[in-house]
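The letters A, B and C name the chains in turn, as written, and every chain counts its residues from 1.
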């Protein structure tokens, strides 16, 4: 048993080191003064972060990204929650259709999705190309699978159909059944889906670049444009981006754990 | 009923119609004139686009193969730790699986670029072969792709291993099977569908990857995803018809991979019920 | 005129007929069970009464003087306890119980006392602030019961309410449900697949098979006089013999009937060589051999073989009967009046 343990431990350690090298290197790079002649940085500084957080272009890009993500996710939540609820509880025969529609984006990479979107909205009756609405529409589609799975799973965990039946037998209207019984119980699921969608959109580059790249500089586009200028500054962006992302996924894991605990009891 | 309208509208406008337009477009002639298979003929006979397809295909194949082999061992090792440690390691994998696209490309430039930290280190140590790795080549791309495949593969494979019950091993051992025999006759056959499914996901993931490659090599390396991107919005004149045909080909590859996964997962669920 | 009248209710799911022109009537204050194997349509019938499943044209459900066939579930004034209880996980016991009253717009001052009374009735005092996941299965069951009773429904519907509980709690809740039902004298429809449960709790049992009601009767009637082979097999461990088999066993018979059901406990075993006592004026004695025995607590079940048949025989587990072992040659004494003819 003993040598086995050692084997597993060292294997995992190596894999984890491999996975963390790029992260650690980026972090060190972001706090180093100069680092191209020596093995370790020549000195440490926080000036890159200072420069970054006072750069109006960065702040604008951040704001744009947050705005687009926020808008797309708000639309997604307001549209998807009632849709999934209605289909699950009242139109279960359409469930497969819904599932097909929302899972399709999984199999369609951004670059493929962009082809049709650009063609469809660059001419003809509705011209959206270059506007943020085309991006928001595309983002709505990208997050469909995350929204669907999170919300659908939490409805399944609480056995939404039975709860609605019970509530209706006790005199609740459909709206009351939804707001008083279903919504409070799937709230955690909605939040988890929202955060997952957010971290996906936050790192989205392909569609942003192809659909609105020229006119609307989001974080990722800002990042790629900065890359050729200053490595240290770029590292600072990447690190900031990652701290945000880790915080998000930390919250998601915590929420997911607490909700699965309640569900299993 | 009425409350389903917004969903139907959005899905129609931003998912179904664009896909339909793309497919229709791929059957048109240059400049949107006439109908036919012209674009497909072009895509599948031109040396340039064929090379893009085959580059994408082989890079994805290699990166996925390396990724899955590493993950096969790593995911199994994770199952051998205590609950706390397992959760922690999975969390780390989850964290690093977010690391892809532009930031990943950048990190690799820092460590393996021409002035990268490791390149420097290898030079000082005198390991010239390692120092001369060209990040912007076929091999370099595989290296970067492997990086984002490993955590994803670990996360996907881990539940499959979890399906192997300790009691199976115990009863196999009581019936006289060695560890090797257990894996040969029980363990591997049980996880195989899961492995094939995961592999197809990895493959699809790599085929569709655009941001990482774009950030690393710009338009300079011939990959199918990059080609599509530059045909619709690139520096050269837009050719949406050809882009459509290439996109349809890419989409078919990916949907096939996803279907293989779906089919395999159904088998896994049935067996591990 | 009965309190609940159900008239020619039918339900088809695609090709399969789940309910086939079912008609029945229930008296006020009565507890009836719908008993049958899974897939016999009993739960569907219950859901039709609740309005959760639509019935096909021509069916009619009347409760009191109201035809409720076309009413929405919430307008029907029925209470229902689900197999999974369907408690609202975000509300505590008190919140779950009050929910129906709130939905009906009852003022807090008015329902307070009612809720307190029902909490005492189902014995949940002290657990008012607990959440469903903090309760045991039995307690969750009581909450579900209280929640549907507090709104004072016209009928109470129970859909296999005890099947998720273990044997001991099930037994105690059976008597509990019966006590509460009688205390409130509420008309109740109880769905179960457990014949013992049905015999314990019901005023009348409706045995269902393939979407039809095949027999109606008090527990005593159903147990003692099953009307068909299906009921005999489902309700107890009857020995069921076709007419030809019966003739083979005991010789020519004068009774009418295509088949006969004989309960295992009415047969007695008599030692060979004691033929005199084995003879009885109204019945048969059959030479046979004990093939196997199973201890079932207070009774021992023997499998006894004649030349033609194997029969189950239950004998009290007392020292008087311990002479009967596997391989013992015996006489099987079958009283004629205990042979129930079946169509």
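Quick note on the criterion: contacts are C-beta pairs under 8 Å (C-beta built on N, C-alpha and C of every residue); 3 or more make two chains touch, one makes a residue touch a chain.
Predicted model only: the values in this text are computed from it and were never measured.
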Overall pattern in which the protein chains touch one another (line/ring/star/complete/other): line
Centrality ranking, top chain (CA atoms only): A
Approximate Å spacing (C-alpha centroids) for the pair chain B, chain C: 57
Computed distance of Cα centres, chain B from chain A, in Å: 18
Cα-centroid distance, chain A relative to chain C, in whole angstrom: 53
Interface residues, chain A side, partner chain B - complex: 4-5, 7-9, 11-12, 15-16, 18-23, 25-26, 29, 35-39, 75, 78-80, 82-83, 86-87, 101, 104-120, 137-138, 140-141, 144, 199, 203, 205-206, 209-210, 213, 220, 223-224, 227, 231, 234-235, 238, 241-242, 245-246, 249, 253
Complex contact set, residues of chain C against chain A: 50, 52, 72-74, 76, 78-80, 82, 84, 86, 88-90, 99-100, 103-104, 133-134, 147-148, 151
Of chain A, residues touching chain C in the complex: 158-159, 162-163, 165-173, 176, 180-181, 184-185, 262, 265
Complex contacts: residues of chain B adjacent to chain A: 3-4, 6-7, 10-11, 13-22, 25, 70, 73-74, 76-78, 80-81, 89, 91-96, 98-104, 106-111, 115, 117, 120-121, 124, 147, 150-151, 204, 207-211, 214-215, 225, 228-229, 232-233, 238, 240, 243-244, 247, 250-251, 254-255, 258
